[in-house]
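When the chains are written out, they are named A, B and C in that same order, and each has its own residue count from 1.
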Amino acid sequence: MQEVKETAEIKAFVEAEVRRQIGEARKEIDRAIAEVRERTVDDRATIVVFSGDLDKAIAAMVIATGAAAAGLQTSLFFTFWGLSLLKKKGAARPKHGIKEKMFALMTPSSSESLGVSQMNYFGMGSKMLRSMMKDKDIASLEELIDMARDLDVKMLACTMSMDAMGIEQEELVSGLEYGGVAAYMADAASSRVTLFI
Amino acid sequence: MQEVKETAEIKAFVEAEVRRQIGEARKEIDRAIAEVRERTVDDRATIVVFSGDLDKAIAAMVIATGAAAAGLQTSLFFTFWGLSLLKKKGAARPKHGIKEKMFALMTPSSSESLGVSQMNYFGMGSKMLRSMMKDKDIASLEELIDMARDLDVKMLACTMSMDAMGIEQEELVSGLEYGGVAAYMADAASSRVTLFI
Amino acid sequence: MQEVKETAEIKAFVEAEVRRQIGEARKEIDRAIAEVRERTVDDRATIVVFSGDLDKAIAAMVIATGAAAAGLQTSLFFTFWGLSLLKKKGAARPKHGIKEKMFALMTPSSSESLGVSQMNYFGMGSKMLRSMMKDKDIASLEELIDMARDLDVKMLACTMSMDAMGIEQEELVSGLEYGGVAAYMADAASSRVTLFI
């Protein structure tokens, strides 16, 4: 009886001692793993869409849908000329200031009137690019934007740019989020892929 | 004898108990480390070469060779106008459609006829840039492309762009890989550096 | 007494055995954690400022200050036309070669004479953009550069570009670091956000 009691006591001691030492080691290990985890990224891609050129807009949307299809949570931050991609057709609001009027005149009124970054001979380049892509059964910019929505790509419109360029929410398509560079950076800082287009 | 046996038994028990508890802890720890590892990146850089401008092409190749020299596995994804960098001199195939003919006329026929993104006064900008770089013993675009090859930089030609622009494999230099946005994204998603140029 | 001594010995053995086995496991675990840590990133953002366009320069500085405000160590690598942002007003040195003279004539003399990437109708675009941003109380490019400095954003001027374009250190503002693509890559390779603007 004495021996059995002793063995039970020893076992209890051993189990407790192992648990204690492992517990201490675990605290250090878990802290080390947590520190390393802080230095990692999410399965996320973030693209700044700055350009209002048709060819760059298509590239941005092809990459965005490709990223989403590859399983990355994808965010697009539309800023400056990139906001043209989001304009509702025929929804331009009357502009009040003379500068805003001129600015609106000189920027595309919707995704359908974007030019091409190179060889934009009076809009011929963009007509040709659209036509050649159609001939080859490649998705149009508008189809790509719809695909991106279906793949839950987040579309963030830059409020600072909207303010600077005199663009109001009613002029843009629905389903957008609105924010500034801080909102963009919150996504970008944990992204695997970050691009400026 | 009894005591010795007891001690041996105790030692065996202790060793086994420690191994058991550590084994359990290890399973959890290894799982935690594997989860964190999933959130990390490879020593890799991935650049989308979208532009067909000489200055941007030089920047892309300087960064690519710099990344490779720094020990990063470097991939270039040549898309849209960026495909011009890969065109073999004098290898343009006769184009069939009128659109493809015009498109070919309006895009550079090889890396040696690229313009500059700014101040491209009838090609003077690119001649001057090339000449100034030569005066300063800075590598030319063609030398940079050769250096990139020597450093095992992967060159991926975008098949969707080739299709849209009517460019065939025989028109491009040898040693390329061919693929779409999915192939690009497979490299980009684990890259330390991702750029769109 | 005998029993007590035995128990003390057992305890000592247990403690030592646990320490030994945990020690061995720790070596493996620490190695695994260190390997994973090698695959992580710093809280860092790195932007190549290639463009000399006012709108892109503003975008670069807004993103840089946003990144710094979000707690990321931010580096800007000014290369090619991007060096125009760093030119001291009226500090252009007399150029010796005819090519360097022409190049200097054709590039902006300071951040105040940058054009806009789109709709740069003889400088009207950039005047209008500056004026609209002022109306809306949005920081000017020069204010953004000052903000970036206050936020300890590192400004690295590309020595290869300076060499190629014939720009000397005395022509640039103070407080810059000087380096090539290797210096850029050292920061970029551990960055959460890498952009080419």
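By our rule, a residue touches a chain if its C-beta (ideal position, glycine included) is under 8 Å from a C-beta of that chain, and two chains touch if they have at least 3 such contacts.
All of these numbers come straight from a predicted model, not from anything done at the bench.
**Student:** Give me the rotation angle that lays the C-alpha atoms of chain A onto its copy chain C, rounded to the nearest 5 degrees.
**Tutor:** Between chain A and chain C, the superposition angle is 120 degrees.
**Student:** More than half overlap in residue numbers between the two sides of the chain B-chain C interface, or less? Answer same or different.
**Tutor:** Result for this pair: different.
**Student:** Taking each chain's centre as the mean of its CA atoms, how far is chain B from chain C in angstrom?
**Tutor:** 21
**Student:** By the touch rule stated above, which residues of chain B touch at least two different other chains?
**Tutor:** 10, 14, 18, 22, 25, 29, 33, 36, 40-41, 194-196
**Student:** Quick one: which bits of chain B touch chain A in the complex? Just the residue numbers, please.
**Tutor:** That would be residues 6, 10, 13-14, 17-18, 21-22, 25, 29, 32-33, 36, 39-41, 48, 50-53, 79-81, 97, 99-100, 102-103, 106-107, 160, 163-166, 180-182, 184-186, 188-191, 194-196 of chain B.
**Student:** Along chain A, where are the residues that touch chain B in the complex?
**Tutor:** On the chain A side, the touching residues are 3, 10-11, 14-15, 18-19, 22, 25-26, 29-30, 33, 36-37, 40-43, 45, 55-56, 59, 62-63, 65-67, 69-70, 72, 117-119, 121, 125, 128-129, 131-133, 135-136, 138, 192-197.
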